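In this document, chain identifiers A, B, C and D correspond to the written order of the chains, with residue numbering beginning at 1 in each.
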Amino acid sequence: MAQVAVCGPAECGPEETDAARTVGRLLAERGAVVLCGGYGGVMAAAAEGARRAGGVVVGVLSGRDRAGASPDLTVALPTGLGEARNALIVRAADAVIVIGGSWGTLSELALAQRGGTPVITLGGWRVIDADGRPVRGPIAVADPAAAVRLALG
Amino acid sequence: MAQVAVCGPAECGPEETDAARTVGRLLAERGAVVLCGGYGGVMAAAAEGARRAGGVVVGVLSGRDRAGASPDLTVALPTGLGEARNALIVRAADAVIVIGGSWGTLSELALAQRGGTPVITLGGWRVIDADGRPVRGPIAVADPAAAVRLALG
Amino acid sequence: MAQVAVCGPAECGPEETDAARTVGRLLAERGAVVLCGGYGGVMAAAAEGARRAGGVVVGVLSGRDRAGASPDLTVALPTGLGEARNALIVRAADAVIVIGGSWGTLSELALAQRGGTPVITLGGWRVIDADGRPVRGPIAVADPAAAVRLALG
Amino acid sequence: MAQVAVCGPAECGPEETDAARTVGRLLAERGAVVLCGGYGGVMAAAAEGARRAGGVVVGVLSGRDRAGASPDLTVALPTGLGEARNALIVRAADAVIVIGGSWGTLSELALAQRGGTPVITLGGWRVIDADGRPVRGPIAVADPAAAVRLALG
């Protein structure tokens, strides 16, 4: 069964919330397990979308307990690893969908690229090299349906 | 929802297999999520028991991918952390049920005790102090039903 | 005593090698401990520079053993954590000097920013937001001396 | 260069303090790097012994910063990993010397055995199987000199 991580900031605007909720729903409808960081913002919206569609959502938490975890998680995994848990979320995923930008989110994008996991982005931050050219790797798409289609191959 | 880890060796005899399968089934029947190391032996038997009873089973794998993972996992999480993943299994659990003995299993028992997670043992290794007295902490029980009852408080 | 991480790609050109070697030397001359990923390229050059100047260099390796570690490390710490070790390098540092660009390097930059550790960059990749504006955080400098001066405050 | 971990409880009696200090000193005199958990008790005594003898001591801390770290560490590495850092200490060591007993200490002993790193014990807890027989693996010695001799093979 496919496992797809949805990564994005804990604080986000209504557009990102909508996109994350839709991505979560579409992944669940396709039978994929949704992995996320388990807290608010994009993470919570993706969890909500997946849960409402009857999907399985795993929140890989940075904290030592479930404090602050989204109520829509099927399983909340407090790792106690702090930011190192970002490496776990993307390691366990077949593909990573990034929605919006933050330093934590960027670390997940970079760790996924480093480890060879495909990354699909919906908006958010971009990376350019010293000459100002976009660094190849993440695939930018325009809407949730395209993101999910690419993620599930 | 309760999350209970079932820990034990990757190679075990029929008695431990039976006990693990029953523990997995009883946990699932009570609605608890089963966490385990995700590979063979006690881990696979607990996963099988829980899955057959319609439960959710998360395998927190030490490897970088799903190679060798039990087919009965709802979610397989390759952490790429090696033995450090043992700390995660017990950190994410409300209680730990230990079935049988091995060094990896003992590390989980010890990490759970260190972190304040209750440990219930079904057979397996025991720990004695320098004077030969049992070290307090883990609660030994005689059968799977007692283990699950204690774990779910 | 200050601890400064030097992060950069395992494969790099002569300019980055020179910069890393100089940064390592200057840090050691100022009495700072140098932390790095412990392998080749920028990591090895920083280690070499620091070691020649009599400094202490710790290589936090992703692998399970010391295979491939730079010979200039005072201490080689195989973590067996894979890419998750990137979080450790920056967590243990008072400041992070980034030389050059790669996905692994970017993950260290992002994890440092996420965790509140100051980041100083010498060339390398840059991050822009959805509107093409540079994301604030990392401080770009022109040469190794400026990087070390800023890192040691 | 050899790297030897010294593991033991954060709170210990004078006998264990003396043993740990001597072990630290002997390791440093033989040129070995001392790894430890970086806090009080056995860890601090080992660090003190090694530092006084001019050795290099690395404290692999469970916390996110250097709070509570022994003043005798050459390098303090806050990992932010909580108890999972126990796996790192033993993974990075060529041999592990255990002095005294606690659940955290036992987890290090068990993780070392699991990972194939030799373990030498000076007092402390012991492990017996279901039939009450000692589980093979750790080598018990009578004094610090024997522990260091074995650890450095």
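Convention: a contact is a pair of C-beta atoms (placed from the backbone, for glycine too) under 8 Å apart; a residue touches a chain by one contact, two chains touch by 3 or more.
It should be emphasised that the depicted structure is a prediction, and the values quoted were computed from it without experimental measurement.
Asker: Which chain's C-alpha centroid is most distant from that of chain C?
Answerer: So the farthest one, by centre of C-alpha atoms, is B.
Asker: Using the stated contact rule, I'd like to know whether A-D or C-D comes out ahead in C-beta pair count.
Answerer: Comparing A-D with C-D, the pair joined by more C-beta contacts is C-D.
Asker: Using mean C-alpha positions as chain centres, tell me how far chain A is from chain D in Å, no decimals.
Answerer: 39
Asker: Could you please state the distance in Å, as a whole number, between where the Cα atoms of chain C are centred and where those of chain D are centred?
Answerer: About 29 Å separates the centre of chain C from that of chain D.
Asker: Multi-chain contacts in chain D: which residues touch at least two other chains?
Answerer: 64, 80-84, 87-88, 91
Asker: Once you draw an edge for every pair of touching chains, what topology comes out, line, ring, star, complete or other?
Answerer: complete
Asker: Considering the complex alone, what residue numbers of chain D touch chain A?
Answerer: 64, 80-84
Asker: What residues on chain D touch chain C, complex-wise?
Answerer: 3, 33, 35, 56, 58, 60, 64, 74-81, 87-88, 91-92
Asker: Under the touch definition given earlier, write down the residues of chain C that touch chain A in their complex.
Answerer: Within the complex, chain C contacts chain A at residues 81-84, 86-88, 91, 101-104, 106-107, 110-111, 113-115, 123-130, 135, 137.
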